[in-house]
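Order of writing sets the chain letters: A, B, C and D. Residues in each chain are counted from 1.
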Amino acid sequence: MNEMGANRYGKQRVRVVKVTRGPEQHDLRDLTVGIALEGAFADAHVTGSNALVVTTDTMKNTAYALASDHLVGAVEDYGVALARHFLDGPQVDRAVVDIMEHRWTRVSGADGPAPDAFQRMGDLTRTASITATRLGVTVEAGVEDLTLMKTSRSAFTGFPRDRYTTLREVDDRIMATKVRATWRYGPGPVDWDVVHAAALSTLLEVFVDHHSLSLQQSIWLIADEMLRRVPELDEVRMVLPNLHHWAVDLRPFGMEDRGELFVATTEPHGQIEATVRRSPG
Amino acid sequence: MNEMGANRYGKQRVRVVKVTRGPEQHDLRDLTVGIALEGAFADAHVTGSNALVVTTDTMKNTAYALASDHLVGAVEDYGVALARHFLDGPQVDRAVVDIMEHRWTRVSGADGPAPDAFQRMGDLTRTASITATRLGVTVEAGVEDLTLMKTSRSAFTGFPRDRYTTLREVDDRIMATKVRATWRYGPGPVDWDVVHAAALSTLLEVFVDHHSLSLQQSIWLIADEMLRRVPELDEVRMVLPNLHHWAVDLRPFGMEDRGELFVATTEPHGQIEATVRRSPG
Amino acid sequence: MNEMGANRYGKQRVRVVKVTRGPEQHDLRDLTVGIALEGAFADAHVTGSNALVVTTDTMKNTAYALASDHLVGAVEDYGVALARHFLDGPQVDRAVVDIMEHRWTRVSGADGPAPDAFQRMGDLTRTASITATRLGVTVEAGVEDLTLMKTSRSAFTGFPRDRYTTLREVDDRIMATKVRATWRYGPGPVDWDVVHAAALSTLLEVFVDHHSLSLQQSIWLIADEMLRRVPELDEVRMVLPNLHHWAVDLRPFGMEDRGELFVATTEPHGQIEATVRRSPG
Amino acid sequence: MNEMGANRYGKQRVRVVKVTRGPEQHDLRDLTVGIALEGAFADAHVTGSNALVVTTDTMKNTAYALASDHLVGAVEDYGVALARHFLDGPQVDRAVVDIMEHRWTRVSGADGPAPDAFQRMGDLTRTASITATRLGVTVEAGVEDLTLMKTSRSAFTGFPRDRYTTLREVDDRIMATKVRATWRYGPGPVDWDVVHAAALSTLLEVFVDHHSLSLQQSIWLIADEMLRRVPELDEVRMVLPNLHHWAVDLRPFGMEDRGELFVATTEPHGQIEATVRRSPG
């Protein structure tokens, strides 16, 4: 005999755009929202009864409806309202709301910044993930699609060698990565936008200022400093691909090689993932 | 004070193509391989010492080197050899090898199937995931990118309604999905290719023959039958997006509506994920 | 003073799915349609008058409406009907309809091929492009996303060398490409499906059977033979990326190198484009 | 008998990254380069002789080699040098170099902007296309991936209606588009970076300040003003998808509808393409 194991369902890629028309200017919010529910859904699978199945179409509608009143400040407030809403259903044990916020900036016309015209920024995506259960709500936030490069102060040496090792040790390499960073907030009150800005600026500042011995060490230095400076964070997770930039050798062309030219690659790539957290002690 | 939590690292998207030139014909294998290691790597982060860090470049080289001798039969055999290899390092506790196998078929010329010319199939990708630890090796396999549609025998009714519910109940809808299915093999010996074929053909057969009351129920019916027919499987996980096909209403155009035309959409989409397993009892 | 130059507008990526429910089985068609109009639209730009601007929303609606009656046989018949429809507007000089047909195959259940369940094939996309003007209708057809590989009988030698040339001459290389082929039909009647099949099978057969001295020569040999065998074609255009597969050298690992292993790459890639046509004489 | 028609070949997606290490700080350039040649290549197709075929691998090498000396200022200078280089081959009649420049900005650390750390911007890609023939060199430049939105001052009314028209007239709609704009420089000397900035700022300023009656009119107003303000430009081409944002109706949920919420869509989309040029008279 077989039985149901873990299961979840929901709606993904709900594109919520909100234009608030103030007296002086419009404000623009642009989100991609995902919703997933867990709970007493085993029967829905085994018997085919939909009596408890909140439809994913309703989830989508709810994402829009709650945006009307709740998407007025930080995206985390909206996510918390949305996740809690689904807990109203007694069959739901856990509601997870994942949000990507796409950034737009005001474009300038002849008279300065426009009240009603925007350009999409592509420098990073702000993320939030809200998990609501009967025990409470957990909020995580972060960034993704943040592509960074260090053109010096990055080395990679002292690694073990076996018969398959051909990589040379390098004191000075290009380090390029596309950051996905997520941090978990502790239980106290958080000023979402302020703390997000503090966490992100710390990430960037340590990225700039540290001398990297490896992507592993970079994660530690960055996350450790984020936890030191931003007390609201309990834990930082980072996923850093190593987007290799291979040096082009110009000497076969009879040219002096000044070490300036590189081939940017995306495949294959290294991938470093780690969590740094406050020690329980 | 802070400390390291979970961490892993490795190489992703290693593109391994192997052409075996037999006396009668060539054989072609085409894989995308990912490798991830866990183990005694906390120090590498905290101190920056790379003394134990098997480089991801070496992982890539090893994927090619082991393909020479081990990529001769089922892809699972190659994955097991590769995962076990990395356990040779005492600092490694867990090695995970994820493989996508891209399928090619022999093209026919004037004299029948060619010995040396191939066409890439795009109907599905075969997957395997091998996890090696000191305790043993676990093998999972499956498929992804398998896009299926039922044009009848799919309903969705009897769901709860709240103020945000606008979806109509339908006895007969289009069901379209892009299947990601993964199954875990039990501890006994497995004839990888034979069992994979049996699991996949069961999946397809039940997909065809069942009357679906929901994607949730479809997962149950498919996975339950896979476990019944294929004793080597311990557990089946499925991730099924619901790729909505919305009916086009021709009546505003003064036309009779025969219910034949649909808009295929990819965003937003439902997402149903579930695991079905053998009961322990 | 400035003036309008060339201009066109329309709707792209209209996803038309049609399910025809016959007494024995369903038939499934799945298209992505693009529509572009040219004509007396300069004023619409300069004055902002929309009096002559058939809306792109109406184009989309028309694509669905005409699918009802006209998408019953070859996709070219539907495209011709759709393109001609837009010429009804006297302001339209030229209507171009571009169609991609996504292929699905019937899945088999316990009792054989299903009447109502389908699997999407990903081996190639059939294309058609119909241009209607006051002078008549031109039909082009073809394929794209057809990925092919020759594992022998492909060489590349005898090319010129300059100071920047480092490529070695090779008598036996992997040739991999993703074919985009388009052919133009002459003015006579064409049995669209039959001729498309003949053109495609010739393409594949020559790909298999020829010994390639370069992708350029492959295009010539394939297109020349297509024109010879299929009299309905006036011209064949091919766009062939050269998807390089670089040999992996195992000797640094102390292994014998049997020339079996390759890295598949997509970036950078060669790109060869050429048209072969019937000589006017 | 058949004959060769138009043909071209080259290398695409060459990823050229250059790091110039100055005494105070590093500078970073990041390009994707495509090269295509036309000329006396018919024989290469028909006979398979590669005697005149500059290999695409050599093109790639040349792109790196010439970056060493020529990628020091505007990307157009590099492109002109590269295109002219290929004309050294007497068999080449036309060399086209297409460049995308990916923008990076300096990241700030504790002590201000870093000398050696960069963040990739994603707000737009600068493009250049250089065509060199025996008669001279033509330079085009532009932008792509520039996503813009107007949340007011955009209408669409007064269009013709037929039986398939269901679109409502709207005085106030969201206009969202992803701009691809290309302009051709006249024969005189051009200060590439200065003129590019002027062209782009004019584009943005008119986008902000105009009241749009249609995307067609927006193109005219923008391009017309670009030609008026920037005398170096001879012609402006724009390709504007209409990325529809459909209003969400909250009234079915028993809510007041303030017209604030929208579904962002990408498929299907309108597509408006037009060229505006200086009148010859």
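Everything below uses one rule, namely that contacts are C-beta pairs under 8 Å (C-beta built on N, C-alpha and C of every residue); 3 or more make two chains touch, one makes a residue touch a chain.
Quick caveat, the model's predicted, so the values are computed rather than measured.
Farthest chain from chain D (centres taken as the mean of C-alpha atoms): B. Interface comparison, A-C versus A-B: the higher count of C-beta contacts falls to A-B. Averaging Cα coordinates per chain places chain A and chain B 24 Å apart. Chain A and chain D, compared by their mean Cα positions, are separated by 29 Å.
Separating the centre of chain A from that of chain C, both taken as means of CA atoms, is a distance of 38 Å. Residue positions of chain C touching 2 or more other chains: 15, 61, 65, 164, 166, 253, 265-267. Taken chain by chain, the contacts link every pair, so each chain touches all the others. If you check the complex, the residues on chain C that touch chain A are 163-164, 166, 252-254, 265-267. Those residues of chain D lying in contact with chain C across their complex are 1-15, 34, 36, 41, 44-58, 60-62, 65, 89, 156-162, 164-167, 213-217, 219-220, 223-224, 227-228, 235, 237, 241-242, 266-279, 281. Chain B meets chain C in the complex at residues 15-21, 26, 28, 30, 61, 64-65, 67-68, 104-105, 107-111, 114, 116-123, 145-153, 174, 204-205, 207-209, 245, 248, 250, 253, 255, 258, 260-265.
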